[in-house]
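Going by the order they are written in, the chains are A, B, C, D, E and F; count residues from 1 in each one.
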Amino acid sequence: MSGPDASGFSEGQQQELLQAIETMQTRDSMRMYNNLVEKCFTDCVDSFRRKDLDATEEKCVQKCCEKFMKHSARVGMRFGEFTAAAEKQMAGLQGK
Amino acid sequence: MASQQPDSSQALILAQQEMEYRVALFNKMVTSCFDKCIDRKYKDGDLNVGENSCVDRCTSKYWQTTGIVGQLLGTGQA
Amino acid sequence: MSGPDASGFSEGQQQELLQAIETMQTRDSMRMYNNLVEKCFTDCVDSFRRKDLDATEEKCVQKCCEKFMKHSARVGMRFGEFTAAAEKQMAGLQGK
Amino acid sequence: MASQQPDSSQALILAQQEMEYRVALFNKMVTSCFDKCIDRKYKDGDLNVGENSCVDRCTSKYWQTTGIVGQLLGTGQA
Amino acid sequence: MSGPDASGFSEGQQQELLQAIETMQTRDSMRMYNNLVEKCFTDCVDSFRRKDLDATEEKCVQKCCEKFMKHSARVGMRFGEFTAAAEKQMAGLQGK
Amino acid sequence: MASQQPDSSQALILAQQEMEYRVALFNKMVTSCFDKCIDRKYKDGDLNVGENSCVDRCTSKYWQTTGIVGQLLGTGQA
């Protein structure tokens, strides 16, 4: 996933942009973490007769989480390819 | 993580993000356990006994789920 | 629910942090309000043959709202307990 | 709420939050009434007569719901 | 949809407010775009035996999108009316 | 859009928003294709062959949907 074009920004601005990217990434990974917990909890836990997760629920949450991470990585690969192809096409159009 | 002393404005941002994270976690716990425990007929404005104990167990299991996912993400990212 | 550790911040920074907390709380309570309206509307209102809520729908929205607030308060209590226990455990681990 | 004059940057933040709130309310009204009124088969790109009047009534009821919840939250918080 | 009362702000502040509004509008239209894609995709695409949208799916996405925009415009009109009426009522109450 | 040279802080804001948009698009693609392709029984922590190819096709169709909607919104707004 390539970032937006950074040329045309001064060094100070690039610094600022980099820090903004970092802040956004932290925020985004926290959000992803929260969403993952919510999703796997919703799909795996449905009985509330005890206050602790039983072995089946725990395993389900683990597999759910692993599966989501692998899925997310695969989508990331594809997303990168689409973005790259789109940028190439844009560059081609501007070159004409 | 960095051994360097982070400058103070960055520490502020981190503290803010930590808070945002907690608020978001809390909100999702509220929504998830509401969906799991509360009868949508809303006949009564109070939580009945069954709902109350469901909420207690639901929050406990939600918190434990947070721990499991956190561990897996941690090892996955390291 | 205890906030993050504020020691190590200068007075000016603590001021800034406090204002950021306040801004976040306002934003959060507005978001909560909006979510509550959406949830109770979705669960209680399903007929659109008139433009005004009838008595049944109105009562449903009220109970839904009351129930949600009580539920939210209870989750808040539990959340506080979990957070406190986790912090105690962290402190214990660091003390070793 | 405070009898003190709030400083101007705070007033700006409040004005911004007020706008954010309105935008969020509007967006939720759009989504909720779309789900309640619009047939998901999407045979036609136009809203038919039934959908149009459903949308009008739905927005009206949504707005009223906003009022009820606001009142309850207000008394609950005071 | 009328904005919040801008009187009482200095010219510089009004500038700042206007820029904040613009930033928010851009963010909001991007969010709307993303939500629209997600909604129409969810409702229209359900078979994954090929990697390209077929004619039926494409048409469905188009109609979904058109319908959503028309719906959104209609809600906007109503929302404006409610807001105006509420402000009028507020002004009436304050005038007494 | 404006023929005027935008000042640099505005360009920064635009660059940030562009990133936010991409992240949001990616996240929605992840969620939508997870819901469409992944069996919720979670028997295994790996994606099986069927899920893998479903994900590839799902992302491709999602991306195409992005294009169609973008075109319609573009012409609608111009």
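Assume a residue touches a chain if its C-beta (ideal position, glycine included) is under 8 Å from a C-beta of that chain, and two chains touch if they have at least 3 such contacts.
All figures in this text were calculated on a predicted structure; none of them were measured in a lab.
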item	value
Other chains in touch with both chain B and chain C	none
Path length in the contact graph (chain A to chain D, fewest steps)	3
Computed distance of Cα centres, chain E from chain D, in Å	11
Chain A-chain C separation of Cα centroids, rounded to whole Å	25
Inter-chain centre distance, chain D versus chain F - centres from mean C-alpha coordinates, in Å	26
Numbers and ranges of chain C residues touching at least 2 other chains	31, 35, 44, 62, 66
Junction residues of chain F - those touching two or more other chains	20, 31, 37, 56, 60
Chain contact topology (line, ring, star, complete or other)	ring
Running round the ring (origin chain D, first step to chain E), the chains in order	D, E, F, A, B, C
Partner chain C, residues of chain B touching it in the complex	8, 11-12, 15-16, 18-20, 22-23, 26-27, 29-31, 33-34, 37-38, 40, 42-47, 51-52, 55-56, 59-60, 63
Of all residues in chain C, those that touch chain B in their complex	1, 3-4, 6, 8-10, 13, 16-17, 20-21, 24, 28, 31-32, 35, 39, 43-44, 60, 62-64, 66-68, 70-72, 74-76, 78-79, 82-83
Touch list for chain A against partner chain B, complex	19, 23, 26-27, 30-31, 33-38, 40-42, 44-46, 48-53, 57-58, 61-62, 65-66, 69
Touch list for chain D against partner chain C, complex	10, 13-14, 17, 20-21, 24-25, 28, 31-32, 35-37, 53-54, 56-58, 60-62, 64-66, 68-70, 72-73, 76
